[in-house]
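After this come two complexes, each holding chain A, first together with chain B and then together with chain C.
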Partner chain A sequence: MSHSGSAAPYISAIKAAVLIQRWYRQYVARTEMRRRYTWHIFQSIEYSGEQAQIKLYNFLGYLMDNFTPSSTERNLISHIFRENDVCWDSEWERYFCYKNIEVPEVYSGPHLTFPLTVEQAVGLLEAFRNKKQLHSRYVLQLLLETWKLLRMLPNINRISTCHSKEVTICGDLHGQLEDLLLIFYKNGTPSLEKPYVFNGDFVDRGKDSIEILLILFSFMLVYPRDVYLNRGNHEDHIINLRYGFTKEVLTKYKIHGKRILKLLQKIFSWLPLATIIDQKVLVLHGGISDTTDLSILTKVNRHNYVSALRPPKRRNHSSAGMSIDIEIDDDLWSTSKIYQRRASLTYPKPLGPRECFHNRSLQDFSTRIKANMENELENSKRREVILAATLHRSQQDILSVSTDSVSSDNAKDEWRQILDLLWSDPMNQDGCVPNEVRGGGCYWGPDVTEDFLNRHNMQLIIRSHECKQEGYEFCHNRKVLTLFSASNYYDVGSNRGAYVKLGPDLVPYVVQYQASSMTRELTARQSVGRTERSALKVLREQLFAHKSDLLCAFKKFDTKNTGLVCLIDWASAVESVMHLNLPWRMLRCQLVTCKTSDGMINYYDWFNELAIKGPNTDHIDQSLLETLYRHRSTLETIFRIVDTDNSGFISMEDFRQTWKLLSVYLKMEITDEDISNLAETIDSNHDGSIDIDEFMEAFRLTDKKSRLERGRSMFMHTTSDLTKLESDPNV
Partner chain B sequence: MAPKKDPKAPAKKAEPAPAPAPAPAPEPAPAPAAAPAIDLSSVKIEFSADQVDDYREAFGLFDRVGDNKVAYNQIADIMRALGQNPTNKEVSKLLGNPTPEDMANKRVEFEGFLPMFQTIINSPNKAQFEDYVEGLRVFDKEGNGTVMGAELRIVLSTLGEKMNETEIDALMAGQEDENGCINYEAFVKHIMSV
Partner chain C sequence: MAEDIESEENENILVIHRKITAAFEPFDYESKNTVDVREIGTIMYSLDCFPTQADIREFIAEVEENSSGTVHLDRFMPAMTKVLLENKFPPIPRSKIFQAFKVLDKEQKGFLEPEELTKFMMEEGEPFTQEEMDEMLTAHTNRKENVIYYDKLINKLTADAPK
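Let's look at the complex of A and B:
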């Protein structure tokens, strides 16, 4: 008895310890679960946005190829396909001309003299840190020098870690200047002793894309043999239209922005495609495929691929003088079906060999286009003069675009190689299948890595392109390393950034970091909670934007029209509409807060819960509003395409044409009356032109505080007062 | 004046402490060590269809390979994510006391997981708020509602299913007052509020 008396406190101590330990582990598991599905939400939405942009581009390409020259739509969009206005190098040099641009006395930013010195490059860093902007004269000058240098570089750079040099490799930066500054702070700026490789995606989403470019270019000019840049899929003007870089440049450089963008198009096309270190480590942005062949890649004329999304033009012309890209476009992916990728926690099942993937078929558009064409013929007469000129120039362009004659098969092959390099993602299963989620490149498996490395006698692939929570991730038996250098990418606290150091032993040494002191103050739980709320907010918006389709889907299950569906049906219906492959059951408690009786969900109540209200929109048809909201990114992109002089304004007439385009693309009816109503609401000063930003704002189509509006990623909302989080039970 | 037992007690405490070895080695305390693995085929699944779908979804989230299975070493976490809190030992027993290699490499499909989960749910060990508070009261030397943070750390890292330093730091972040004491009722409320 005395024995048990003395043992009792000990046993309770163990019990207590075990209790707490068990509880703690449960807490960790649940937090990890929340973190995973939050991540999955952001990633799904991000990838489906990329897919949407590619589809839009393909759609516009299709229009180009199918509209007659007298069509208005064609005229509106043809300019984005006219990639090289000026072709000869000497003409380019004239176009770069910065000499006429005067720098006013009041300008307080840095002044550059060439050749650039390291002090100037560092000075530029400091200036940007202090929120200064480089004058357009110097920007143009810098770009000119950069272009001259890039033209001399091979497609694949080869560097060595001779003696004791360590190479530092950085992944996606996406306009996040704070991260670049942090890297330079921790690791030192580039120098002869400190070579760097930057692995693409310098621009878009973040708000300081142009500053990042200028910094990278200037260090490259100072240390041409110690700073290497690889092209990423965002170094592409088509992508830039949607993801913020175009807008950033036009906003910061109101007078010369357009020229700067045009030059950057050229510069992007001249960026090298990959870097090889010590002949053993391959560094490239996206990845590889089962057909990647470095010997082909070494020989391509990379500058012909101004946008990786556009296959090279063939020299075959129709009698109308338009280039025919349809045959090559056959390789592009079908828009009739949306494929999804499972969570980053799970990996896609192989869908079949690449060769038998569908041809694109936009036949469902053809009837609408015909109808449109007929309407347009009536209005086209006043456009003909302009059009004739356009056509003439198009013909010239086509004839002069490329003096290298490439057989169509080779061209297709080359193009696919480059696309794969910039867009592919690794997967866990063996094989190689098309990357339908993003719409470009492929998913490649460990066997492909193994084969590739053996064939080229290499040991490691370092790539970027995918955001990782820790800033990096190994896969394929540690033969592939994903590196991502934009911390807090989806939201404050969502992920760390990382860079890699590689010495002569070629063993990667990873350094992680996280920008913004705010994140350090948040505990892990607060961080997850915050990101989770952010993700759920985005998700609710997406759900609301699909209200009509969801209603349809629910009604299919609710045959008796009770307004209720059971949980299983709710989850199926939502997934069938959203195609995001999210764990809807798990998210249900966060998404549906209206009380349900005996497990049924009242979906009308639910929609009321989700509803997003905007000002002055009562007289606008609700379903139109919903459509606008759902496709706001596409809408804004189309606006920017139509706004040919990049002024931020489009005329009423072009505005109407935009709607016609959109209605064809979305396959829905937007009547003239709808358009007039909209126009009246926006053109408040009735001067016949519409301010794009005002339009998007008028319908709350942009969250003014969202990253997209500030040029940052579309997910982050303003950082709320952290002290408020303390008492928040949801955190 | 009964002979003082206390001096012996610490000695007793120190003794078995090294005995709880890492994960699968069976321990002398509550459950019979050498008992054979539970016969899972005899477990009757009492979940509703809705519940099974919920669990299937969660299970899928943990499948990192795409083969519709999860590794042995993930089972405990899935159960915790679904609201249970088994000890690692209980889970190990369900899996037939696997070796560390087995834990990392062997996988189980959802149908195999369900009976394990049912067993855990059926087990009577459901701790409530009061149980946790009682458990911590053991360390309340002065009976004033507080425990020493330092003592708690030692206990958590040496007894039961030991926690490592990082885990303990995360758990105790911001809980200790300036004297290094923790008000344990508030602590339990805090940790249970996830």
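Let's look at the complex of A and C:
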């Protein structure tokens, strides 16, 4: 022990150690807090995006039912409902024929011959690793073979571990090729000795969704008894419209993209719904509900459900049938007058200190977001939309594909079964309630798991669907395992990915990883800092997008109209508008940097601070601008729907129609003048057509640096940009 | 006069109560005004307190609902208010931490080897777990020289501190 100096007090080494430990632990705990709410921000925004997409889709469906066949609005969007233009297999074969597609000499990508061999599959892996693209001729050919194979598979695959040593199960990949390559590197590629189950959500958000599909399909064709694919909620063309897969395919395959997407629609509908291992372990994408019945699921015609968001197509529709539907829905959605939105936002295990005192591992927690219970109006509006969606679709537009007709009662049941399978999330509390945060499926409790497993004589449910920081998480007494295989999903360093190996003992063995060398060097604290900055940026934008509502809320507290509110009132007002259940008081110093006098916040100053600086937008109505920000992804989705030839441009006329649509959807007034003003802001010198990308960027609706919802994950930067961003204080 | 002082005190307590509620809420997952006992440390830290592990255990013993593993706000509030009013676990001034590191740095090199730091952190005082140690080392060891510059470390961590 050394004396540290004559003037300073003597500290023994032991005391020094305690001091340092105490100090460091405090820091770690603070970091943990920040990580939790950062995660919470991303997750709430992600789920509300899913909810928004479902709402939009339901709305469009409602329009379809209620606009006359000749109306322009309807024609604009009807094509996304026209799922099957032709009926017969022979016609399909003609439509998807690849034989007349020529592969040019200059093409440097892989050439495929069928039947596929393992060398070719591995060759495909290598090619994609080297950033090559597979020619559309081969894509179509591969997809056709895949379609043929999938049609022969049952709804629920049954596999056993006795023939091989272990099954490897992977969760969501979301177009992140790096992760798939990492898994194959660590664990080996699929083979007779190395069977794999891929648990859905192969596409959307990441930038290599089509490549992932092609790899998975090619290995499946080579080893049909050793590669199993389960359908996820993103294997759905409606969801793909918003989350990037549609755009990716149309961009990469400009000429044949539409055909490829059409074929994929059919393939997605033919993907099996679940896999059972050794009759004891159920693997499926979302989860279960209290009504999940495997015997029903075994018998459904799964390919009738091209999108899980649509109730099944019916041949006949009678008004009697209609009223039955309405009753059923009323029951389903109004079990209690007041909704309680529960988010199964489970917090991953804290990174903080584990005492011997606290050495049991922390179970998952879940947060409940309470809906604005007073807002009955919103609730009944929502119910209306849901009801509308389940009304019979107009017959002219829907041609039934399958020759078996579906009876209306069974159809309803079946549909719900499939919806639950693909969309549900587990929760801590017992029971089963609708999953309103996402807008589909339900939240199911430990009692439902217990009951289900007992009834089917099983011991474990492996599912995916939710991002977990460690890549995996057990819940419900370790009877449910969530597995997520897309690392760095929300942002660089946000989470690990994981896969599971299951041997004959059926004890899951988890392997974790994290893609990108950048993240290996970042520790928990560093990645929190970066992720936190991203999250706060997104949060600030969301706040700005809700400016008018926030203003109203503040004014309620500021009765004397001083322009000031105290911190507590500020926090209450913000929560009442945003419904994100965040610790606003804690976040205040990061969100409000303008000066506050004696703990009072000048909210006008604050709004100025938040304002997203765009091009000169003075001539545009403020509330319209706000609408733009708030609903930007809906706007973009509608643009893409309207852009039927996928040129990236829409005509001035269609642009107008889009706004009219949006104004109906949002129930707000948008005048022709407003629309002209909007168009002016873009330098549109393309004979009266609007460049969609330019439009979105002009209004800072997409930031060139952090491309929100653009082919890449919602919040991620591309790796090449990352190095530039290191020193950028604005990121 | 006495009145003024009293009302000022009351206001002070009100502010403290709100602070405590705000810190408690994010951990009250089922909205029953209870939190898991394992979160108490984190909640105290988030209120800018720097208790030792022993302090935390003592505090928990006072407020836990008869070994149920949960703590109710009704008991947490008065106990935590007392802690804040008395400033029982004040933050550690930078100079003190710096000295603490210097004590460990026997040869006054200005840095610590990972083995040295590990020995102290895992054997003395309120020892770190392997996990805590690994995290600290991964985060703060200078990659090229494989040592920990503690002055840099102190600067980094205090820059993060709440204002």
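Here is the rule we go by: the second predicted complex is superposed on the first by the 609 of 731 C-alpha atoms of A that agree within 3 Å, B and C clash if a C-alpha of one lies under 4 Å from a C-alpha of the other, contacts with A are read in each partner's own complex, and residues count from 1 in each chain.
We take it that a contact is a pair of C-beta atoms (placed from the backbone, for glycine too) under 8 Å apart; a residue touches a chain by one contact, two chains touch by 3 or more.
What you see is a predicted model; the values in this text were computed from it and never measured.
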First (chain B), second (chain C), both or neither touched by A:149: neither
Chain B versus chain C as contact partner of A:33, first or second or both or neither: both
Chain B versus chain C as contact partner of A:589, first or second or both or neither: second
Touched partner set for A:568, first chain B, second chain C, both or neither: both
Which of chain B and chain C A:24 touches, first, second, both or neither: both
On chain A, the residue positions that both chain B and chain C contact, one per complex: 2, 12-33, 36-37, 428-429, 523-525, 568, 571, 583, 585-586
Chain A-facing residues of chain B, complex: 5-6, 8-9, 12-13, 29, 49-50, 53-54, 57-58, 60-66, 76-81, 83-88, 127, 131-132, 134-136, 138-139, 155-156, 159-163, 167, 170-171, 173-174, 191-194
Residues on chain A engaged by chain B in the complex (per definition of touch): 2, 5-7, 9-10, 12-33, 36-37, 342-343, 345-349, 428-429, 523-525, 567-568, 571, 583-586, 599, 729
Chain C to chain A touching residues, read off their complex: 18, 22-23, 25-26, 29-31, 36, 38, 41-42, 45-46, 49-53, 57, 91-92, 96-97, 99-104, 106, 120-121, 124-129, 131-132, 135-136, 138-139, 143, 157, 160, 162-163
Interfacial residue positions of chain A with respect to chain C in the complex: 1-2, 4, 8, 11-33, 36-37, 350-358, 362, 365-368, 370, 428-429, 521, 523-526, 568, 571, 583, 585-586, 589
